[in-house]
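Structures are listed in the sections that come next.
In what follows, chain A forms one complex with chain B and a second complex with chain C.
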Partner chain A sequence: MRGCSRSYAQLLSQLQNQANMEENPNLLLEPYIHLQDLDTDILRNSCMVYPSVFPSEDALRALSKPGFLHAVHATLGRLWNSLTALQKQLLQDQDLPRLTITKHNIQGMRNNIHCLAWWLGSPLETSEPTQGGSRVSLTPTPALDVFWSKMKSCRLLWGYHHFIGLVGRVFREWEDNPNRSRRHSPLRLVLPKGTRKIRPSRRGQRPVRRAQRPR
Partner chain B sequence: MPTLPAWVVQALVIFLTTGSTGQLLDPCGYIYPESPVIQYGSNFTAVCVLKEKCMDNYNVNATYIVWKTNHVAVPKEQYTIINRTASSVTFVSMAYLSVQLTCNILTYGQLEQNVYGVTVVSGFPPEEPKNLSCIVNEGKKMMCQWDPGRETYLETNFTLKSEWATEKFADCKTKRGNPTSCIVDYAPIYFVNIEVWVEAENSLGKATSEHINFDPVDRVKPNPPRNLSVSNSEELSSILKLSWINPNIRNVIRLKYNIQYRTKDATAWSQIPLEDTVATRSSFTVQDLNPFTEYVFRIRCMKEDGRGFWSDWSEEASGVTYEDRPSKAPSFWFKINPSRTQDYRSVQLIWKTLPPFEANGKILDYEVTLRRWKSPSQNYTVNDTELTVNLTNDRYVATLAARNRVGKSDASVLPIPPYPFQASQPVTNLKAFPKDNMLWVEWTAPSKSVRKYILEWCVLSDSSPCVPDWQQEEGTVHQTYLKGNIEESRCYLIVVTPVYPAGPGHPQSVKAYLKQAAPSKGPTVRTKKVGKTEAVLEWDQLPVDVQNGFIRNYSIFYKTIVGNETVVNVDSSHTEYTLSSLTSDTLYMVRMAAYTDEGGKDGPEFTFTTPKFAQGEVEAIVVPVCLAFLLTTLLGVLFCFNKRHLIKKHIWPNVPDPSKSHIAQWSPHTPPRHNFNAKDQMYSDGNFTDVSVVEIEANDKKPFPDDLKSLDLFKKDKVSAEGHSSGIGGSSCMSSSRPSISSGDENTASTVQYSTVVHSGYRHQAPSVQVFSRSESTQPLLDSEERPEDAQLVAESGDRGDSIPPRQQYFKQSCGQPDTSPDTCHFERSDQLSCGSEEDLVRLKQQPGLGHTSQPCGSEQVKALQEGSAADTFGPRAEGHTEKLETVGVEAALDEGIPKSYLPQTVRQGGYVPQ
Partner chain C sequence: MLFLISSCLAVLAERFQLTPQLLHVSVNSSLQRVYLQWTIPNLTYHQELKMVFQIEISQIKKSNVILVANHSSAVRGDRAVHWSWDSELPLECVTHFVRVRGALDDARAPQPGSWSKWSPWEEAHVSLGPNELLVYPKEKLVEEGSNVTFCWISGVNLNNISCYLSGIAIHGERLDAHVSTFKWNNVLFHRDTGTNFFCRHTNPTTYDGVTVFVSKVLEEPKDFSCETRDFRTLSCTWKPGVDTALAWSKQPSQRYALFEWVSGENKHCELKNSCNWQITQDSQELYNFTLTAENYLRKRSVNIAFNVSHRVHPKAPHDVNFDDVSATRARMTWRVHSRGKSHTFLCQVELHCEGQMIQEHNVSVHESGEQLFGDLQPDTRYKAQVRCADANHFWKWSEWTPRNFHTLEAAPSEAPDAWRTVTSENGRRKVALFWKSPSKSRVNGKFPFYNIVVKNMENSSEVQQHALQAPVNSTWLSLGQSSYLIQITFTNSQGTSPALVMGISRDSGNEEVEAERVDGTKEGFMISWKPQTRDVVGYVVDWCANSQGQHCNLQWKNLGPNATSTNISSDAFKKGVRYNFRVYEISAHRIAHLIQKNVGYIQELAPLKSPDVILSNPTSHSFVLNWTTYATESQPGFIEGYHVYVKSKDAQCPQEWEEVVLKGDTHFSAPDTLRREVLGYIFSIGGSTFTTKPSLPYMLLQIILSMTMCVLFLLGLCYWKSQWVKEKCYPDIPDPYKSSIRSLIKSKKPPLTIMSVKDCIPDALEIINKSEGTKTQGGGTGKLHAENAPTKLAYLRLLPTEGSSGPGPCICFENFTYNQPASDCGSCGHISVPPRDPPYHLELLTSPNNLLNVLEKDYTNSLGEIPAEQSSLNYVSQLASLVCGDKDSLATDPPMPQHCSEYKMQMNISLSSMILLGQGKH
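Let's turn to the complex of A and B:
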């Protein structure tokens, strides 16, 4: 696909690096905690609550590769909207300068997931990030009191780092065992004998998909 | 009336102007296409369409259209009349980048009017941009650059396009004037592949570069590590620890490093092996450094996998390793001063400071120990590098150690031999040669074990003394280079001395140059001795300061002014050379050139001239000639002595006694040219006693010898007549050498004509020339001979020119030269005659065996005389006297070839009778 990496391994590596980069709480969470004066143990502890808006690790691990990619892609889309809202809540960009970069990186991860899904023969819809999922809106409510809003944003950021870390670990596992048969993985790459599992594609030419669609 | 605002006025003016000009500029037709842009070299067709209204106004149609490019009419062959209103013009292979094309009509006959004009622009479509590459400078936005291809000559836009699989980014349009690079306006997003390409577009087309797909993180050029610092370790004097702060990109990518270092004074960098610094880090310990040495470091980084670009070098940082004890004993040597007493000698111990890499710290002082056999050692602590001590004539052993803050070096041991001491065992095969811009010395070690070698050297110079430098080498070394400031083109005297445990061996020396050059001055050559055909040249050896190398040979160049140059090569050991086979009496130019291995230099030119004669050659010629002359003279004297009576008879004739003379009477047939009337009184005075008339038959057509013979005969007759005339002939001869007397007598009563010499035609032919005809009296001549001052007075009176002397007239006539050139032949000839004179000539001819003997005047003079006789005496100038001679000739009645002689007789005045 045009614009994608020519190598599955490279895509996987890029996603791992992106996850490694973004899981670091020093990039967003810690600056936000310091910025919002939430740097107390109690507040930290109350901040480190995994928001239900993010899929759990078990849920993610239960997914097939395409399903996993779909889930992560969708979550990152919602997250991007939430961060955009957070960005609007903040008075100035320089209050949390890394936020813009994080948003770009989220877009980059979604692009890589899109490419990886295409590589896996399960292309994603190329719709723009939507306003959150059906269950929970990640957009903070301005009407609530400020403290609750800060805590919610803090949990969002902590949850972001946590979620990205989780995604990174899954991708590392993919790299360690690319042919790993997942328990609930109805979708697998079935490549002919003797062909490399990962190969560069020509520009604009989809790789031959020899996998079954999920039923 | 309210004033209208200014802008309203301006708007009205513009509106009105535009409306009016719109009508005024309403064209008569149009050209299609309106703004043509074509490919350079392609065909192009334009059509001009006239408006009906215009055609009616001017009564023209399409046939009246004239096409012009840049105001030059286009040939009609390129026109095509499409219809009544349209005409097209076609250009094949348009070769203009920009040309003005106008459509014109010919109105009213030939009046050309412009209808419409367009500018045709040509160029090339853009080529595909090549070599697209991008770089992401850390903290900055991505910049891509490319090769735009050939010049299009058209305005071409380059657009850098970039996209993800899911997103397109804003185009990056190049700035005018910089169509080869562009900086995108979004921050790079790492670990996401981006596809980038360049589109070039102009009026003639569009070209797209190859798409490149890359992860921006693989195009990163990180910022250099900052705050580089260096620290040493007291425990280890060979290490330095570097610390730095990594660039922020370190949070995104892993880094590898490139660390370089050098000593402070060095220019070349050493590098830490790259494999030692492949991982991200913020410090590194550099090992194997020299103690107490300042090192300078710098570092750069790049992405660990090597993708991307190296960062710039960090700022340099320096540090000094900790001290260590001196690693080597100093070089140690001695000199014995020449002044010494009976029991003591002054010994100067000298040593070298250790180089920093051996000193390993700051040398605080040197410890010197002197030990004599079974005597307590003497210890000295010296801060300098020399120590002068008075030692006995015994053998000593000196030791030296350098000390720094950490410790002291090993001791350097130097045996000082007793006095006297006979050195022996020198090195052999000592050689010195330049190599790698160093002066190397090589020798063969003696058979005996050598403790060390001392190499001393100095510059040999005529202007400065030999100031030796020295160095020490280990006993195992037999080849080294001089570790000093060795200059090129300087002659070094190198001395190698082996040092044995018992003392120094015999030194050996050699001369060498680090790099030779041509001499800076050539030798000055001079002659030592110059002969007729050879010259000995000599010169001085060049001073060593100007030699600049070993003089290998000399060349001597010598030549004459017109000749080719000859070259002779002479061995450098010579200081003189003999040039042979030279030409005598010739100027030679000679110069010399001295040659080293690297070239030669000419000296000044020197000139010399070979003599005409060799030494003694003149003497060899002159002496025999003088001897011959002397012998000839002697023979002549002897001859004269033997013939003295005959000579006396000629030189001192018997002079008649005038008192016993009788008055002679001239023949009445004396030539009328002589004015005897004026002499009548003289005759009456009876001042002469005898008259002889001699007629000589001469013919100028006859060869001169015959004339001379006749003259000889005549003179013989005169000689024979002397017996009768008692020296009249001699007087006549004498008078001929003093014509002033005889010819100036016409107005002088004291002189009379007593003889006439004429010549008649040869063999009864009419004489063409009268030689001379005159008479002279002997008596006044005798008088003038006795008083030459009187003769001189007479001559002077003639010179005064108050009256032209007849003698001058005579000589002018006889010379046959114009009056305007009175200066030459006759006076010269007269002188010749006075010098040798006909008389002498005749006399000499009369002498047997001496007829043609050269006279003091020389044979040439004789020859000239002969020629003068032939050319002048019998010359045509005498024609004026021909008539008179005929008269004489008839009366002389000469027989064929035999001159008649007339003895003086006592006749009537003015006549004589032939006998």
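Let's turn to the complex of A and C:
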């Protein structure tokens, strides 16, 4: 394919490196927590909820390689839009300088995934759809007030680092058998201490406000 | 008519209760503002009345009235009355009640109307589920320094709520069972992303929060001003102050707008610190601007009014050129951006050379100007710059327009500044010529050549010519013994300088002048001289900047004919360096005569190096020291003299050094007062130490004399000793009273046991000899005096009974002066007496100290190694007793060991014996 590396190993290596780099929460999550005045144990714990917008580990591991690539590609595409929306919340880009680099890396990963899918003989157009979360928009809901938008963006970033870490581990498992396109063998996902659960959850989301306006 | 209206109003007020009807109650949550709309239903559309309304607001319950406000308004039947109220407490926190009533307030009414009935209460409240927790106000935007009141409402199941402001726990004030508030006073700006306030309930877990955005206070624009550079555009600038923008699109940066009051035009400014305003072409000269800064919370404005012709900031001059540039002059021309010939500009022109401004001119200009620069240096680079301002109403200078130019070269204007030194070597003279690098004012051009012409004044055919190019600044000539004339000039592309002429006479280089000291100071050296001749055109003082040596770096100073002194100062002068100055008199024939030499230091320092001293001709009583190689001129001060320190080598006790001070001499011979053996000497300016060696004959003589004295002394001592021994040990007649033990016994007076002679059983009595006059000693108390002693010794021997085997009672007349070992003493016969009273012996031995001392001294060798229990049986071989005691029988009776004569008793026993004897005398 034009513009793609012909080396499977090189593509895989690049994806692994990109995932390893973006997995670090000190790049985005921590600066965001400090920037948005969320640096308390209560809010941090509330932030560490794997958003339902990301595919779960079980869902990803249940996919074939092309399906996995398709799911990651699609999720990263939505994530890129979400980060763009998040960027607009800032007064200036310098407040979260790593965000722009992350967006570039997401585009680079998507390109590499596209090439890898082509290398595997399963272009993304023919890939099976990702299970779970694919239809959920990652764009912050405008109706949320600022506090809950901060919390949602915080979860988005935590989920991003977590999701990228998961993707990286899967890619590392691909090193041994590049031609294998069967489903992955299940792998337990080791979560950081204090994480409540992996599966998509609605807990911790903003409660429904039922206050009545004065008549 | 008026009466009619008043009557109608009165009827109205009476007939219709003007009770307001609340049409709409709305809330702006972020502003915490309540909007009320009401009408007076009974009014017709065309009726208009002035009324006053009273609004009552209660919180939590109707009886808890927190506000009663009056509001006057004209009312019509077709128009609603609007009113709003800002609540300190978020409106969502508690239930609010509101009602309104009105009264006529019309001047046409005959009497003030009474209040109508209250409208029905309108209620606004929040209802929430049993496990819900809500925090208010949402999205609050406040300015720094204001107050914010938070409230939180919890459901019936939530009782233990914790709240945090920016992560810090706070304690609220409880309004009722489920509503609490917290007032944050005098809020400060922390971050543009807002400050979070949230509350949490742990079981069941739920939380809610809000973000409060604190805006910085909008500042008034500063330094607002407008000006024009082209009469087409007014450029207005200001300092905007802090940016009050907030994230999350809560507040953009403050916006700025210009409003011009004369034209009534308004313009929104794109930039936050400047704005351009188009000047209208209808000859508007006066402008009155208001600059407004605005954000969501505040507006700040500043105003200026001006005549545009007074705010002209000209553009920088252009077309700056130089023409007619010569070696010393240049003309500069330029043009200005002018509105016409009627407009006058004031232009400022500056001329710079080597970074310094050397000329400044002000020129009035309409459209173009010019300036002539004079007194310029040839072959010099200059920078000229010009700027202009409105001459009639000065506002601001334009920017500078700089240009560089270079003046042309010119012929050198002055003669070189040169000097020479003359030294004679092997019948010829070596003339070293030096000249100073000429200043630009002397050279006036580039790449000067130095031309040197040497003429022999006694042989016109002998002419030497030399040409040297800069930067060479010295050369040397080899001349004969004739008189010479040296001419030095330098040349550039434009011509040759005047010549410097120096004459070399026959005497040059051979002058002998004694150098005099001159005292230097930090300010330099003051050199004074007396004029030698009248025919003088000047003086020259020269010196070496680097003191003496090859790197002299000759310096000189030219002085006029009337000078008799000068101060030579230089930053190169250093402490501790000797400087030599020579004063030359320049005659009318340009010949220099050395008239004076001076030598001195800026400041003298202590000598750093000791002389290298050579010791020569050392004898037993003299020596010579030389340090002729010591270079005094290179010392950091004048050498006033030397200190030689001398002390005797044979001094037993520490002896002070003897100091000899020498003035100027570089050798030292030991003077008469020091002509003895010396240990060494030390120079005061060094630590050298020399030791002279005594001569061999003297040493031998000293040894021989010493030995001779020792031998004589020993001989005399032996003689005396022998006499003394003879007298004490074996006198002609032994005299116990002469024994020194008597004195001991006397002095101690111990309890004595008297031994009688009769206790001894004589076996035989033999009279050996008895001289007349000898007193019998048997129990008598008479003394045997030496002067009465007979010349022939007589011995009384008590012979033991034959057959007696054990030690019998013996008497030993022992001379106690026999403290020496038996080998060198005369022994005596003695009689062994067994110990009779050992304790007594012990007492005797321990009590008399003197005696003990004697014993210890005399018998250390014999007793020292013997155990105490054996000490009573310590024997010393005493075969000599007979020999000693019977000298005369030596030849006839060979010594035979006999009882009581073979052994000298061990000392303690003999002591007992002697004590017994002594006691017997008493």
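Basically, the second predicted complex is superposed on the first by the 164 of 215 C-alpha atoms of A that agree within 3 Å, B and C clash if a C-alpha of one lies under 4 Å from a C-alpha of the other, contacts with A are read in each partner's own complex, and residues count from 1 in each chain.
Going forward, a residue touches a chain if its C-beta (ideal position, glycine included) is under 8 Å from a C-beta of that chain, and two chains touch if they have at least 3 such contacts.
These figures come from a predicted structure and were not determined experimentally.
J.: Based on the superposed arrangement, let me know which partner A:Gly3 touches: chain B (first), chain C (second), both, or neither?
T.: Only chain B is touched by A:Gly3; chain C is not.
J.: Does the superposition put A:Lys150 against chain B (first), chain C (second), both, or neither?
T.: second
J.: Considering only touches as defined above, state whether A:Ala62 meets chain B (first), chain C (second), both or neither.
T.: A:Ala62 sits against neither chain B nor chain C.
J.: For A:Leu35, using the defined touch cut-off, is the partner it touches chain B, chain C, both, or neither? Pick first, second, both or neither.
T.: Second partner only.
J.: Looking at the overlay, what does A:Asn17 touch: chain B (first), chain C (second), both, or neither?
T.: first
J.: Regarding the shared-chain residue A:Met48, is it in contact with chain B (first), chain C (second), both, or neither?
T.: neither
J.: Pick one for A:Gln107: touches chain B only (first), chain C only (second), both, or neither.
T.: first
J.: Considering each complex separately, which residues of chain A are in contact with chain B in the first and with chain C in the second?
T.: The answer is that chain A has no such residue.
J.: Under the touch definition given earlier, write down the residues of chain B that touch chain A in their complex.
T.: Going by the criterion above, the answer is residues 163-167, 187, 189-195, 211, 213, 215, 217, 251-252.
J.: Along chain A, where are the residues that touch chain C in the complex?
T.: 35-40, 42-43, 46, 88-91, 95, 145-151, 206-207, 209-215
J.: Using the touch definition up top, name the residues of chain C that touch chain A in the complex.
T.: Those residues of chain C that touch chain A are 25-27, 34, 91-92, 96, 122-129, 132-134, 138-139, 164, 166-167, 190-196, 198, 200, 206-211, 213, 245-250.
J.: Under the stated contact criterion, what part of chain A meets chain B in this complex?
T.: Going by the criterion above, the answer is residues 1-6, 10, 13-15, 17-18, 21, 24, 100-101, 104-105, 107-112, 114-115, 118, 126, 203.
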